[in-house]
Amino acid sequence: MKILEIKNMTKRFGGLVAVDDLSFQVEKGSIFGLIGPNGAGKTTVFNSITRFYDPEEGEVILRTQDDEINLLNYKSHQIANFGLARTFQNVELFGNMSVLDNMLVGAHTNIKTNFLIEGFRLPGFRNKENEAKEKAMDILGFLGLKKLANQFAKSQPYGVQKLLELGRVLMTEPRIILLDEPAAGMNDSETDKLSELLMKIRDEYNLTIFLVEHDMGLVMDICDEIVAINFGKSIMQGTPQEIQASPEVQEAYLGGDDEL
Amino acid sequence: MAIMKLFNNNPYFKYILGTIIFMIIVFIDLQIGLFASRTVNLLIRVVYFSIVAIGFNILLGYAGQISLGHAAFMGFGAYLTAFISNNFGLGFLPTIILSGLIPMIFGIVLGLVALRLERLYLAIATLGIGVTIEFVFREWVWFTNGFSGARLSRPEIFGFAFNNSRHFLLLATFILFLVVLFTYNLIRSKTGRALSAMRDSNHAAQAMGISLLKYKLIAFALSAFYVGLAGSLYAYAERYVHPSTWGAELSLDMLAMVVIGGLASIGGSITGAGFLVLVPRLVQDLPVIGGITNINFILTGLAMILVIRFMPIGIYNWFDYKVIQPFYYKMLNFDDPGGDD
Amino acid sequence: SSQGVDDNTITIGSVGVTSGPAAFIGQPYYEGMRAYFSTVNDEGGVLGREIELIQRDDEFDPAQARDHVEELIYDEEVFAIVGQLGTPGVISSAQLVRDAGIPSVYFGSGATELTELGENFFPVQPNYVYEGKLMAKYAVEHFEAENIAVLYQNDDVGRDGIQGIREGLAEMGMEEHLNEDAVISHNPNESDFTAQMQRVLVQDPDMVIVFSLSQAASLIVRAAEDFGLEVPMLTTYSNADASFLATIEPSETAPNAIHNLHVMGWLDVDEEGLAPLNNAMEEYYPDSVINAYTMAGWVAGETFVAGLRNLEGDITWDNYIESMNNLEFTDGLAAEISFEPGVRQGVTHMAVSKVVEEDGEYFFEQLTDFMEF
Amino acid sequence: MLKLDNISAYYGNINALSNINLEVEKGEIVSLLGANGAGKSSTLKVISGLLEPRDGDVYFKDDKITGMEPEKIVDHGIIHIPEGRQIFPTLTVAENLKIGAYRIRKSTNWQNKLDDIFEYFPVLSDRKEQQGGTLSGGEQQMLAIARGLMAEPELLMLDEPSLGLAPLIVKDIFKIIKKINSEGVTILLVEQNANMALKIANRAYILETGEIVHSGNAEDLASDEKVKEAYLGSKH
Amino acid sequence: MHWQIFLQNVFGGIETGSLYALAALGVVLIYRVSDVTNFAQGEMAMFSTFVTYTIWVYSANAGFPYPYVAAFIGALIFSAIFGFLVERVFIRPTSDSSLLGKMIVTLGLILIVNGSAGAIFGTDSYYMRRAISGHIRVGNMIIRPHSFFVIGLAIVIMLVLFYMIKFTMFGVAIRATAQNDKVAKLMGVPTKKVTAFTWIMATMMGAIAGLMIAPATNVYTGMMADVHLKSFIAAVLGGFTSFVGPVVGGLMIGILDNLVGYYISTNWQTVIVYGFLIIILIFKPYGLFGEIPKKKV
């Protein structure tokens, strides 16, 4: 099943067409890659799907077993409800909150209380909080961050912050996650670990991963399918091998094997 | 040691203990007259300004929204209390709750403004709104009694009249205690986290399903409620409400309270209220220089700047971070929490 | 004897603003009061005792004023409150003073409420409502005005004033002399009187009453000059001093308009009457200007001491209150100060003065006799 | 040309660097490698004056520059391009570049410099009037590098210049680094992409938890088995 | 003559409005360089004005031929030193604190500066002359040459600031410092000097504004209370990121104030004017001329 479908999306900034009549589909349960040169429009695609931008044209269809939702009809804070969550290209954590609280914010839509129940600790409050906390600790354990639970998010090194952002996304109980350059700033061996982690997440949490990445090692290693874009338009879609072999992609994005 | 474990494990413990100790002192004072009457009045003022500061801190410290018009809400609460108790004779409890709820509605309106405006623009626009409301107080003589001011008497609960200031101090402290508990619960649950998330990153908060509209409105509504409630206590405590009390200066004082005491902290709110109520009075009493014109203003200003210079995270937060926490961790052999400088 | 009195001293308290924006009232006011007490003490005191004044700054905040009054009564245990300054503070602490029963003599406030607070309150300064009434009377009888315009400061002062003017005209049956459109307010710290002056001008009045304190009033006189308003102006007794005229700087800003300026007065401000005050100020506060507030403070002292001098028996609150009720004090700066049981009007005799110029110096010269409404 | 003599540095109580000794000769490209949090950025911060060392001294061309204000150090000819695309978000691309030329503002020909830069990064030329903050991640990174180049440094320190850049552009960046080096600019380079970094460097230092654990000729290090295993990832 | 009355109100409003504009420009300058909202700008201007007034009186008494010019120059010199000192003593030591912390520092400054002014200069009001005295009558209207002087001054200062910020290297350095002073330093910008310089400039602008305002308010410790608030609102209305904004905003407030005061009500003047401005702001949340910050995730 195609869990996510982008149909003829166009997004302009003034005269600049950042995304240009772009269409592609993401298979449920896959790891799907979106690549392209700097400024090709990848982050803009993510921002449009999660409703931070209003594309001028197109549809974004999210499919569940028995339903089809056009995300463009909703506001950005409603998207998480449908099981779609994202990370940001420039890590966006809640810096002055603890690592654990960052995780709990991820559970926001799943904790059903209101401020009167919370303020007066009316019945039912404690259970919901505790469930969320347990789950957060589980995920932190899975990511190897358990020890840091009570520390400030902002004082964590970059690598931890990236993992935490990933953990926070998992807290929303997503069916599909959008990751914008998860490997940026990591060295090769760290990237290797990330590859393993992403596959594990896909399997254990039973979700679809849709990622933007410039690290070709990672992309080629783990992606089931890739779409390459340039100037907001699709150049080609295919398996990693097909993409690597494509002369257009070579020319626009990868560059030849010429020496320095 | 055991006490300290208790402190650390039961989060309410320090508030309960603090309240009980404070109330006992006031009780003793009631018997033997420990404090001067002026001290009691100042303490009452610290108590209701603590509620103001907690409300303002929910808005500024937790939700990251600024308002320089909240003095008007406090005035509104105070006038409502005078108006209700003079015209309808409702009891203490319904009166203070109404005096919080009605400003809360106006708080929501301010929240709608805040949806469009940000930072400095929001600050100055709310400052303007506050001044506007202050002028309305002057003109609506039927409601406020104009420049003659509104007068009222101390409250009565179940036939007991709180005419003695010490009795009233106990009552006010108890209300503060309830406010602290409510706030504490709130900020450590979904709502509180959503507010802080909104403060730290708009975008990530939305991506996690937090509606900025809803939580901005909650932040403004709650803070207006608290401030209105405190205004009600003001009215009962001072028994007189005058229109020139509710201007920009008081709003700026509220801002100073939470920043000087410590943002996003209940203890900081109370500390800040204490600072802004007590420091100007203390410097007035300094023996040698007390006679110099305006020395109270000059020294208060200096004290504010010195706090920012040496404790930029606020007095309470600074102590918590530099003294109390290291102390706990040493005594209880916890891992050092780290954190950055 | 009552609290605050021992063999050598009578301790009294006062609360008023001496810092911040309103300090321009409190500073000279307390200098006047202290100058008077110093004079009395230097001459051997009253009833064999010196007077000691405990003075507190309330920063013009009614809540602080109430605190200070409470403290003075219960912690400092003063014999009397003398010359409490500032309407909001006076009103916020009135309940407290009434409950205590302590004599409170003279208020630096023209609020009407003071006349009804109780037997232990002894207001002296004319209240603004009364002054307004009297202004109306002068306007009609002395200035023969038929079309009055009023500019008033939109606060407690000005609103009481306009209320008095209305009442006064109504009592005389002459409401038609004041058109509603000719009653024009301004903010106390207004800096642009264009709109106000224009509104005055379209009324084409034959007289303008300016019920504003000195800061705004000085700007209004200048605006009158600029806009060519050439009718008599009458302003409140609060502006009845030379320092107000100095602020206007008439020779530069209002050489014509200044001659239209009149002021109400409740004090005897001729040279002879002012001599004791001038001498005392020369001695104790040689660097200070003497203005209407200095005089008010001085009268506060005079009134309190007059009550003491008139007292028979122990120095107790009851005896003092009785003494005040019998008082007929005519030796001071004010024309006459007297109280009867139940009557707390304060001074009711006022006169109109007008600005005169002599060798480039401007001062007020009494124009009418003292008169009651 | 640059010499770090026994540098130790702290953030509060956190020890970031201990006893760092490091030298860069004129005309060299020197790489600084190490895992996340090893202290690479901190080393650059010490040199550029953002972080004052607790012990030790920094010398540049025989001048002691320890503890100087960063802007004074810039006057000496050292330019530090910090990590994480720290461009000025509400300045336009052109203005960002203009501020890069602050050091050479008195010389009249800094405008010509702009043309060179646009040759290196044609994208920026298209986006001249766009606000920096609205550029894509990679465009911002290019702008940050370009801004540093505007200052005509004698010693250029780059902190993870390839972050978030497309593979093609990464290659371009390394070409540019080589080119300006050949024009006489000395380079100190911090990179996660260790293979590339070692390829263009003359020498390299490897940091681990604030200490230098290896140093030497870049080629030797690249072929050192231990180094390979620890820092160069699975593909080598 | 109805149109004359209307015009008269507008003229009066333009004069007062350009006073607000003058006062606002200094606030905006400091905001642009350091993100600091200087709540003490008005009080600092008041203090400078007192010094200016003192110079004026002394030099007039000493028989100096052009006492006003002496006072003007004295104002510039004094305020430059004053701005330098304030920056050095209060602002720089607290430069590491948060934006809110910095706001509190300027609140503290209000108390210190206003308090000291009261202690040093006393509490009385004094007369200060206009730069150009007198007025001209046109029909029933009066027009003050002084108002042209004030408007001219406001526009000149606005243009100079606009040019400086927009086109000069120093201006770009100022804006860079505001956004990220660490990186600005890495580009060689002497950020401390930049900040000190802007405080000096802003304080000098405050002194000029105070000198121009004084004839309309008298010289006293409370002279800036109302003007200061209105100048802030003018700046926000016009847009805090532009220099044209505060001038237009100031003029709008000045004119509107008079028109509402004349045609509607003096009692409700403030409520109506502010209410109207806030409604404008809701539709133009970054002011009439403010730059809308573009955010990208």
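Letters A, B, C, D and E name the chains as they come in the text, with residue numbers starting at 1 for each one.
The rule is short, and it goes like this: a contact is a pair of C-beta atoms (placed from the backbone, for glycine too) under 8 Å apart; a residue touches a chain by one contact, two chains touch by 3 or more.
In this text the structure is predicted, and so the values were computed from the model without any measurement.
A.B. asks: Using the touch definition from the top, what's the fewest steps needed to get from chain A to chain D?
C.D. replies: Each step joins two touching chains, and the minimum needed here is 1.
A.B. asks: Let me spell it out: compute each chain's centre from its C-alpha atoms, then which one is farthest from chain B's centre?
C.D. replies: It is D whose centre lies farthest from that of chain B.
A.B. asks: Using C-alpha centroids, which chain lies at the maximum separation from chain E?
C.D. replies: It is A.
A.B. asks: If you tally the C-beta contacts for C-E and for B-E, which one comes out higher?
C.D. replies: The comparison resolves to B-E.
A.B. asks: Where the CA atoms of chain C average out and where those of chain D average out, how many Å apart are those spots?
C.D. replies: From the centre of chain C to the centre of chain D is 75 Å.
A.B. asks: Determine the centre-to-centre distance between chain A and chain B, using the mean Cα coordinates as centres, and give it in whole Å.
C.D. replies: Distance between chain centres: 41 Å.
A.B. asks: Averaging only over C-alpha atoms, locate the centres of chain A and chain E and give their separation in whole Å.
C.D. replies: 48
A.B. asks: Indicate the residues of chain B shared as contacts by at least two other chains.
C.D. replies: 203, 293-297, 340
A.B. asks: Which chain D residues touch at least two other chains?
C.D. replies: Chain D, residues with two or more chain partners: 134-135.
A.B. asks: Among the residues of chain C, which are close enough to touch at least two other chains?
C.D. replies: 19-20, 23, 27, 154 - these are the residues of chain C that touch more than one other chain.
A.B. asks: Once bound in the complex, which stretches of chain D touch chain A?
C.D. replies: Counting only chain D, the residues touching chain A are 35-37, 83-85, 123, 134-139, 141-142, 160, 163-172, 174-175, 178, 192-196, 199-200, 230-236.
A.B. asks: Across the complex, what residues on chain C touch chain B?
C.D. replies: 18-20, 23, 27, 57, 59-63, 66-68, 70-71, 74-75, 87-88, 91-92, 95, 111, 113, 154-156, 159
A.B. asks: Quick check: in the complex, which residue numbers of chain B touch chain E?
C.D. replies: For this pair, the touching residues of chain B are 60, 113, 116-118, 120-121, 123-125, 127-129, 131-132, 135-136, 139, 203, 248, 252, 255-256, 259-260, 263, 292-298, 300-305, 307-309, 312.
A.B. asks: Which residues, counting only chain E, touch chain C once they are in their complex?
C.D. replies: My answer: residues 5, 8-9, 11-13, 15-16, 19, 114-115, 118, 122-127, 129, 133, 135, 137, 142, 144, 213, 216-218, 220-222, 225-227, 254, 257-262, 266-267, 269-270.
A.B. asks: Per the contact definition, I'd like the list of chain D residues that touch chain E in the complex.
C.D. replies: That would be residues 48-50, 69-71, 74-75, 79-82, 86, 88-91, 95, 98-103, 105, 131, 133-135, 147, 151 of chain D.
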